[in-house]
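Here come two complexes built around chain A, the first alongside chain B, the second alongside chain C.
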Partner chain A sequence: MLKLENIQKSYGSLKVIHNMSCELSQGEMLGIIGPNGAGKTTLFSAISGQISVDGGKIFFLGEDVTGLPAFKRCMAGIGRSFQIPRPFHGMTIFENARVAANFGAGLSGKTADKFAIQAIELSGLADQLNTPCSSLSLLDRKRLELARALATDPKLLLLDEIAGGLVESEIHDLIDILKEIGRRGISVIWIEHIVHALTSCVDRLLVINFGAKIADGDPNTVMALPEVHEIYMGLDVEDAS
Partner chain B sequence: MPDTPQVKSSFSWQIKKPIAGPIILALAAVFCAVFPLFGSTGTLRLMNEIMALMIMAQAWNLLAGFTGFVSIGQQAFIGIGAYGLFVTSIETGLNPFAAVFLGGLAAAVVGILSAPALFRLRGPYFAIGTWVLAELFRIVILNTQKFGSGSGLTLARVIKTIPREYRTSGTYWVALFLTVFTIFLVYFLLRSRFGLAVRTVRDNEASAESVGVNILRIKFIVFIISAFLTGCAGAISYLNTMFINPYATFSVEWSALLIFVVIIGGIGTIEGPFIGVLFYFFLRETLSDFGTWYIIALGLVAIAMMLFVPNGLWGMVSKRFNINLFPTGATVVMKKG
Partner chain C sequence: MIAWIDTLIQGVLLGGFFALSGLGLSLSFGIMHIVNIAHGDFLVVAAYLCLVICGLFGLNPLLAIIIVIPLMFLFGYALQKTILNKGVDGGELSPLLITFGLSIILHNLLQEFFSADAKSLDVGAFEVASLNIGPLHIGWLPITILVTTLVVYYILHQIMESTKFGMIVRATVDDPEITSLMGVDTKKINCLGMGLSMTIVGIAGTLFGIKSSFFPLAGGLQLLFAFEAVIIGGMGSIWGTLLGGMSLGIAQTIGYRIGSGWGEFAGHLVFFLFLLLKPSGLLSKETQHA
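What follows is the complex of A and B.
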């Protein structure tokens, strides 16, 4: 459903992504790991259209979306969450999800209200519908990122370190939510530093470093590769989990 | 269209539909509509001034308070609206009350033409850009004979065609209609899905785009609406005084006044500009005999309000008594059972 062809992006003389190519099939859950500054978030921004690429093409559901602005890609079915939550702080949780249902999913009236509330329920925020976003905890802000992305009715969901900064029990709750999302047939690409959270969910793991693909394949096989170990400075998979 | 949601909500709910504010407004409008039958001309003139400022304040608040774009060039639209009215009714003999709307349209057209350039700017640069726009028009008019150059224009000849008893009351009814129209328009706009999108632009543009909001379109529409309303209000304001000159009309003092009344009343609320305007006129009518001291007093009030009542008068009242006559947000109410 998603196909990246030789994506390139530089900030000035700094090459952030080199010739990245990758494919994702319908309903697949792909994890991305890599050290800080490897280009993971930049890759997401390129897919969702927040930044434009310097070279290469992005195909989504068979269509070339490389030149489309972010809001059109969202309407086409690419939903994303931000690494640092960016809620609409002057609005309530319900309004945050409702605007996504209105514009991302293209729904109106009662249908939009219902869809927004279901996304909020799935993300575990149903008891805080009218809470202003300025007063949310980190976990709830992460959940809101998820709820808002889900309310756009995505076919592909991009999650940027949705588990980062959370404690173990909170991560478990989040994994349950993500498994449910996977069951609904939504394709997911998930960037995460918490490797055990990733490996417990994803079908495939992609490792990137310095903007290039290092490894791509079955999570356990990938994590066992020596070059992946090297990037993580000898960090053992067993230790991490 | 998304698939039919598989999971049913585990609770039932509805969206609150507040009607108190619109009902109060409609009743007040009916009362105000008969006011010219017993009010004196002087009082009507003052009311016209108040209503014109209310429309301008709502329009500025829509742009700054709800969309996050602070303009200090509203005098561009005030001036264009006013000149639009003067020039069309002097040149074509068109009824000046009808020409109010042409003034608004002229401002909207200028808004449409200038928006693509202005929205390339952000924050303080946008603010200064709008001011430059106003200066541009002031200079053009100052140097155009047809617009009266520096000495201005008067409506004296046009107004003689209107029966004496309707000269002030006609302006009053147009002003009242536009005030009520503005408040309803802003209120229903903000309560709609468009209004939600407007607030996302203010809160976070990147997030807004990532949930499918076309932020350029939203900014553009808000800017045009604001320009139109401000243009109409400018036309009313100078129809009321019947004399116009480029120095006063395109003065940045207009924007300073709008910022003052909206911040004192409560920015980002519909009630705020309303209260702020009333408060300003109360100060002006009671203190203006003190000359320069009056200006200093206004400044002190503004500083004190920003320090101690940062959410404005309405923000304070609304919080203290938990009332919201024109809530722009959507509240979900859980249903029992």
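What follows is the complex of A and C.
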């Protein structure tokens, strides 16, 4: 459903993404790991349309979306959450999700309300519909990021370190939610540093470093590769053993 | 005592106009983050537009407002779509330069078409009619301006708080990037926002043309007053601009009461004190969120 062809992106002389190609099929959950500055978040911004790429093409559901602005990609079905939650401050949880349901999902009136509430329920915030966002805990802010992305009715969900900063029990709750999202047939790409959270959920794991693909495949196989150990863990294989 | 009560009432009435003329500026800054240097000139353009419409159809300016409003909305929408949206990606400086350029163009165009002579919008005896309560004489025109201002603020408040458009505008103001990721065409929201800003400028400009005479370069001083109202009230806060306009109006009338040359100076002084002691203004956006 998503196909990246030779994506390139530079900031000045710094090459952030270097000839990246990748494919994702319908309903698949792909994990991405890599050291800080590897280009993971930039890749997300390129897919969601917040930044334009310098070269290469992005296909979504068979259509070339490389030149489309972010709002059109959202309407086409690409939803994104951020590493640092960015709720609309002056609004309640419900209002936040309704903006997404109104525009991203293209719904109106009661249908939009209902859809927004469903997304909030799935994210585990059902009892806080009318809570203003300014008073939420980190876990709830992360859940709101998820609820709002879900309320755009995505076919592909991009999750940026949604488990980062959470304690173990909270991560467990989140994994349950993500598994439910997977069961609903939504494709997911998930950037995460917490590897065990990732490997317990995803079908496939992609490792990137310096904007290039290092490994791609079954999570356990990929994690066992010596070059992944070396690059991702910052360790020598011999040291690690 | 009566003299001071009269001063205060006149100050509030004058403040009503500043609050209205500042509102358009406050909106364009609050929504599009555009510091609109041509704001005062747009007020003057609206006054000339009303003059032309009155001349063409023989209408009273207060009726001609009905035609001025949609034309100014379309003007604002088109201005944002064709010129200002192109500059938004270049940071806050490029809209500033664009509107500065527009201001110069408008001065020249107005002088070319209407000459440098002062004009005014004639509403006949209404302009000087007053409500007399004991020793107090309160002009009907300033009362009309104040009431119009309050009605405009109320309608804007309702739009922002109770409509889908208002919700999207609030979201766009908070975080335009996230809003576009929610499927909202934020550039279109900017166009509608500028349309709304110019609608209010249309109303304020017509009232400005009725209450005082105007000429092509009259916008500069109006921009300054509008800026002072917005900054005293707090950049980006709608209700702050109302309070800012009132503060400026009261300061100016107290100044005029002290001496004829002191009015504008007193207004500038209050503005200066705010910059010095409370640069975030009476109601800044941050305090609204807290």
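As a working rule, the second predicted complex is superposed on the first by the 232 of 241 C-alpha atoms of A that agree within 3 Å, B and C clash if a C-alpha of one lies under 4 Å from a C-alpha of the other, contacts with A are read in each partner's own complex, and residues count from 1 in each chain.
The rule is simple: a residue touches a chain if its C-beta (ideal position, glycine included) is under 8 Å from a C-beta of that chain, and two chains touch if they have at least 3 such contacts.
Quick caveat, the model's predicted, so the values are computed rather than measured.
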- Three-chain arrangement built on chain A, chain B and chain C clash or fit: clash
- What is the contact status of A:Gln118 with respect to chain B (first) and chain C (second): first, second, both, or neither? first
- First (chain B), second (chain C), both or neither: which does A:His196 touch? neither
- May I ask you to decide whether A:Gly90 touches chain B, chain C, both, or neither, giving the answer as first, second, both or neither? both
- So, A:Lys9: does it touch chain B (first), chain C (second), both, or neither? neither
- If you count the residues of chain A that each partner touches, which comes out higher, chain B or chain C? B
- Task: Pick one for A:Arg143: touches chain B only (first), chain C only (second), both, or neither.
- Result: neither
- Query: Is A:Arg184 touching the first partner chain B, the second partner chain C, both, or neither of them?
  - Reply: first
- Task: Touching chain B in one complex and chain C in the other: list those residues of chain A.
- Result: 48, 50, 69-71, 74-75, 79-80, 82, 86, 88-91, 95, 98-100, 102-106, 108, 148, 152
- Message: Which residues of chain B touch chain A once you look at their complex with the stated criterion?
- Response: 1-2, 5-7, 9-11, 13, 15, 193, 196-197, 199-200, 202-204, 206-215, 268, 329-332
- Query: So in the complex, which bits of chain A are touching chain B?
  - Reply: 48-50, 69-71, 74-75, 79-80, 82, 86-92, 94-95, 98-100, 102-108, 112-115, 117-118, 121-122, 126, 129-130, 148-149, 151-153, 184
- Residues of chain A defined as touching chain C within the complex: 48, 50, 69-71, 74-75, 79-80, 82, 86, 88-91, 95, 98-100, 102-106, 108, 134, 148, 152
- Query: Which residues of chain C touch chain A in their complex?
  - Reply: 164, 167-168, 170-171, 174-175, 177-186, 288-290
